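Take a look at the structures below.
The two complexes that follow have subunit A in common; it is paired with subunit B in the first and with subunit C in the second.
Moving on, here comes the complex of A and B:
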């Protein structure tokens, strides 16, 4: 229980919530506005973080360029997914998009030379040395920020603390941008396509192009989440990018009310507590379980929450029911 | 040549398993408009419970198989009564169905892990016994699976085609409101659908466990993508299409590793091949091999 008392743990939860919040925001613009069921969103996160890490470690490229390239590759991934399959009916697209992210993971898993494969290390370290790091530049920025913040906040301002602030500022900026986008005429057309294809098409709108743009914008946001994910974990593994993660994003989206952005940060924090806090289920009846069994229980609880949420309150905490039932 | 025969045979065996699993998913979709993402974990459940009944409880293998199929049916029906029925009544949309199915998959998978642990299992079957056929090594276990699967496929295909329930199922999936005003007992149709899906899911899992030798609690999930590819390839909701889609994918996936085809691809990429095939088919013939329109815009 002592770990629960440490502020460092809660700061970590806050960082993870923020990253998942950004990730989920990418789904928000696709589903909340465009009604697109993208279940392969985690693939964009995998593409951006691996691209960044490979460029830095294997090619010695500047961190900022590598991070930008990572987000660009995620956008390309979204464009590829959209161009090949977005003309399909919604349920077909959902299945093929899952496949997309799983294929990304398979390729990462099996391309040892490029990605480090199962080891997730990108390169085998020389004996006696650490794994090659792609976070050096970022770490030095974090450390400098920490040195500035420590006099103000005291002990609590460690690297994690700075990371949490940066992640949440990013989420805040992205939320502002997305809610701005959602008031444009572009979003109104997209929202119209969610209810019905025929009317916008009859008005001369290219429905396919609008949806493609929504997927690409969502993928860019997912890519940004991937960059932070990579920086936070500092060691990538293909198992970080299971389809499970996409559904975490969906859960946050539904909790917050899919058609509105304002509930999203609160939903992200709720998910963060559920995800991280359940690590400390050491009381009865969970006290009979060992650590790996508790990990099973954690995902089980997330599954149960997802089921109950969809059955009882599909509009989430802040959403409008009418907008959810009319899919 | 020997390698070709070997791969073709492996493909047939794998295809029959895909086909059986895909049929369950497609049938559930045709009647309930639900893509059952939990289907993969029903495969895992079937394999693990069979192992439990046969190896731990020392029941005859065939009894263990039947009990596992029964358990698959029971769980499918329980889920129908506590979840799916309520969701249908509340008019849940596609997203709600997708997400609840995923939630069910999470719960099922973690329960299996919690109850049976994370160790790999192996049926008490002779895996090594093989005989030669046209230069290929045919394992007895594989041949047994292929025979049993063929029987199961024939039985189910005839059932859907000839039996009253089967006809009702097809009628209901074509036009639910017309079917229910014509006096078709909708509840019976839905229960029959889940029964077939539960029993065949377990059976496919047992077959896969037999062919594969060792299996872990991730088995069903690993197969789910290829099975979904088979479902879409044969047009979602078309039971016969799913069977054919399964065989086509099974054979294509195995043959893609053939040396004579530009050296073949590494066998770890087989699921990627499944989806490459799927994407190509969807691009040029978006309605799947047979059926209705899948392209919306």
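Moving on, here comes the complex of A and C:
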């Protein structure tokens, strides 16, 4: 119960919420606007974070270049996924996209010489003698920022505190950019393709191009989430990137209202607190469960919340009901 | 021969074992109103799908303004200036009525993501496009629904919207699939007025599928009759009335003609 009282724990939850929020924003532009059912989104996060870690550890490349390269590889992953499978109809694309992220994960799992395989980023081959953590540069930046902020905010302003601020500023900027994009005529065409291919095509719109662009933009955003994920955990493992993570992103999206971005940060915080806070469900009736069983309670609760939402409020907290259900 | 805007030569396509269009040949003159009639299953809508690129022909050629188009993707054909409406009208239900119309705008700089960084060009176009759309909405009498989702419109209103959206795209050849079916007579009159005005002003060419023979005879310069995937008659409206093959096709009798 003591962890519950520590502000640091809640700051950590806030950071994770922000990272999941960024992750989910990538799905928002794909599904909320484009109607594209991407269940392989976690693959982009895996690509970006592993690319960054490998470039830094094995090749000694500058952190900023490595992070940018990570996002670029996620974008390429999105382009590859889109070019190969986006011509499939919605539900088929969804299935293939799961396969995509699982392939990424298994490749990471089995490429010991490149990714460290099952042992994770700790086993990524090193050049030279010292083991560099891929977070070294980032950590020193965080520490410097902390030293500046501590006099202002006091004890609470630790590294995690700075991280939470950086993540949420990033999310804020991305929300702003995405909501701007979603007001362009580009998004209007994409929204049309969500319902129908023939009409936009008959009006001279290359439907495939719009969908592909949406997938790539979403993948870039997912890639940015991956960079923060890697920096936050400072250790990567292939099992960080299970399909379940994609569905966490989906839960935030549905909860916030898929067609609008404004509900997303609130949904992300709700998710974060449910996800991180459920370990404190030691009261009745959860008191009958042991700690490992309790870990599954949150997944059950998330499932129940999703079912109730779908039944009672398919538009999420802020979405427009008509835009979800109009036939 | 230069006044032919569309030439369909011996085009055929099968779906499974069915020859939906079976060697159809026809042409359309610039600035004309040409109607395609025929019993259900004659291949009229499939012909439209072939011209608009939604379906690829198994054989034959389609020329628009003298250039082959039958291998092009639908959006490329639309770019050339052939715009179609859909049987039963297709609207994007979860877009506003106004957005449905603005979707028809051509060469919109905002459609390109690169121009995200060029808000001036985007906005200038949007303002112009919106004005044009509102004007059209007024013409078809549904401007009060501009900001509503198109999904709330009635069947007839959806037809009007589908037509107006096609006009937004500034077509040179407009393919209308049963534009008047299910629209009330006074509105049909109004639509015809709008279409006539467009025709004289922009030298627009119409190719339409219609079942109501009276309307067809009144508005068409030329009528093409299809049956079982072929063109069985082609000529001025008057001559069609007297054509034995047409009477047979519509009455369903099967004389061994030809």
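Assume the second predicted complex is superposed on the first by the 314 of 327 C-alpha atoms of A that agree within 3 Å, B and C clash if a C-alpha of one lies under 4 Å from a C-alpha of the other, contacts with A are read in each partner's own complex, and residues count from 1 in each chain.
Everything that follows uses one rule, which is that a contact is a pair of C-beta atoms (placed from the backbone, for glycine too) under 8 Å apart; a residue touches a chain by one contact, two chains touch by 3 or more.
Only a predicted model underlies this, so the values are computations on that prediction, with no experimental measurement involved.
Looking at the overlay, what does A:103 touch: subunit B (first), subunit C (second), both, or neither?
A:103 contacts subunit B only, not subunit C.
So, does A:181 touch the first partner subunit B, the second partner subunit C, both, or neither?
Once the two structures are laid over each other on A, A:181 reaches subunit C alone.
Of the two partners subunit B and subunit C, indicate the one touching more residues belonging to subunit A.
When the residues of subunit A touched by each partner are counted, B comes out ahead.
Which partner does A:213 reach: the first (subunit B), the second (subunit C), both, or neither?
Touch partner of A:213: subunit C, not subunit B.
After superposition on the shared chain, which partner residues are touched by A:192: those of subunit B (first), subunit C (second), both, or neither?
second
Quick check on the superposed pair: does A:203 touch subunit B, subunit C, both, or neither? Answer first, second, both or neither.
Touch status of A:203: second partner only.
What is the shared patch of subunit A, the residues that subunit B and subunit C both contact?
Overlap of subunit B and subunit C footprints on subunit A: residues 201, 207, 326-327.
Using the touch rule from the top, collect the residues of subunit A that touch subunit C in their complex.
The touching residues are 180-181, 184-186, 188-189, 191-192, 194-196, 198-207, 213, 217, 322-323, 326-327.
Give every residue of subunit A touching subunit B within the complex, in rising order.
Within the complex, subunit A touches subunit B at residues 31, 37, 39, 84-85, 87-92, 94-96, 98-100, 102-103, 106-107, 109-110, 197, 201, 207-208, 211, 244, 247, 250-251, 254, 289, 292-293, 296-297, 299-300, 302-307, 310-311, 314, 324-327.
Quick check on the complex: what are the subunit C residues that touch subunit A?
Per the touch definition, subunit C meets subunit A at residues 52, 54, 73-75, 78-79, 83-84, 86, 90-95, 99, 102-106, 108, 110-113, 115-116, 122, 125-126, 129, 149, 151-152, 165-166, 169.
Can you check the complex and tell me which residues of subunit B touch subunit A?
35, 83, 86-87, 90-96, 98-100, 102-107, 109-111, 113-114, 118, 225, 228-229, 231-232, 236, 266, 268-269, 271-272, 275, 278-279, 282-283, 286, 293-297
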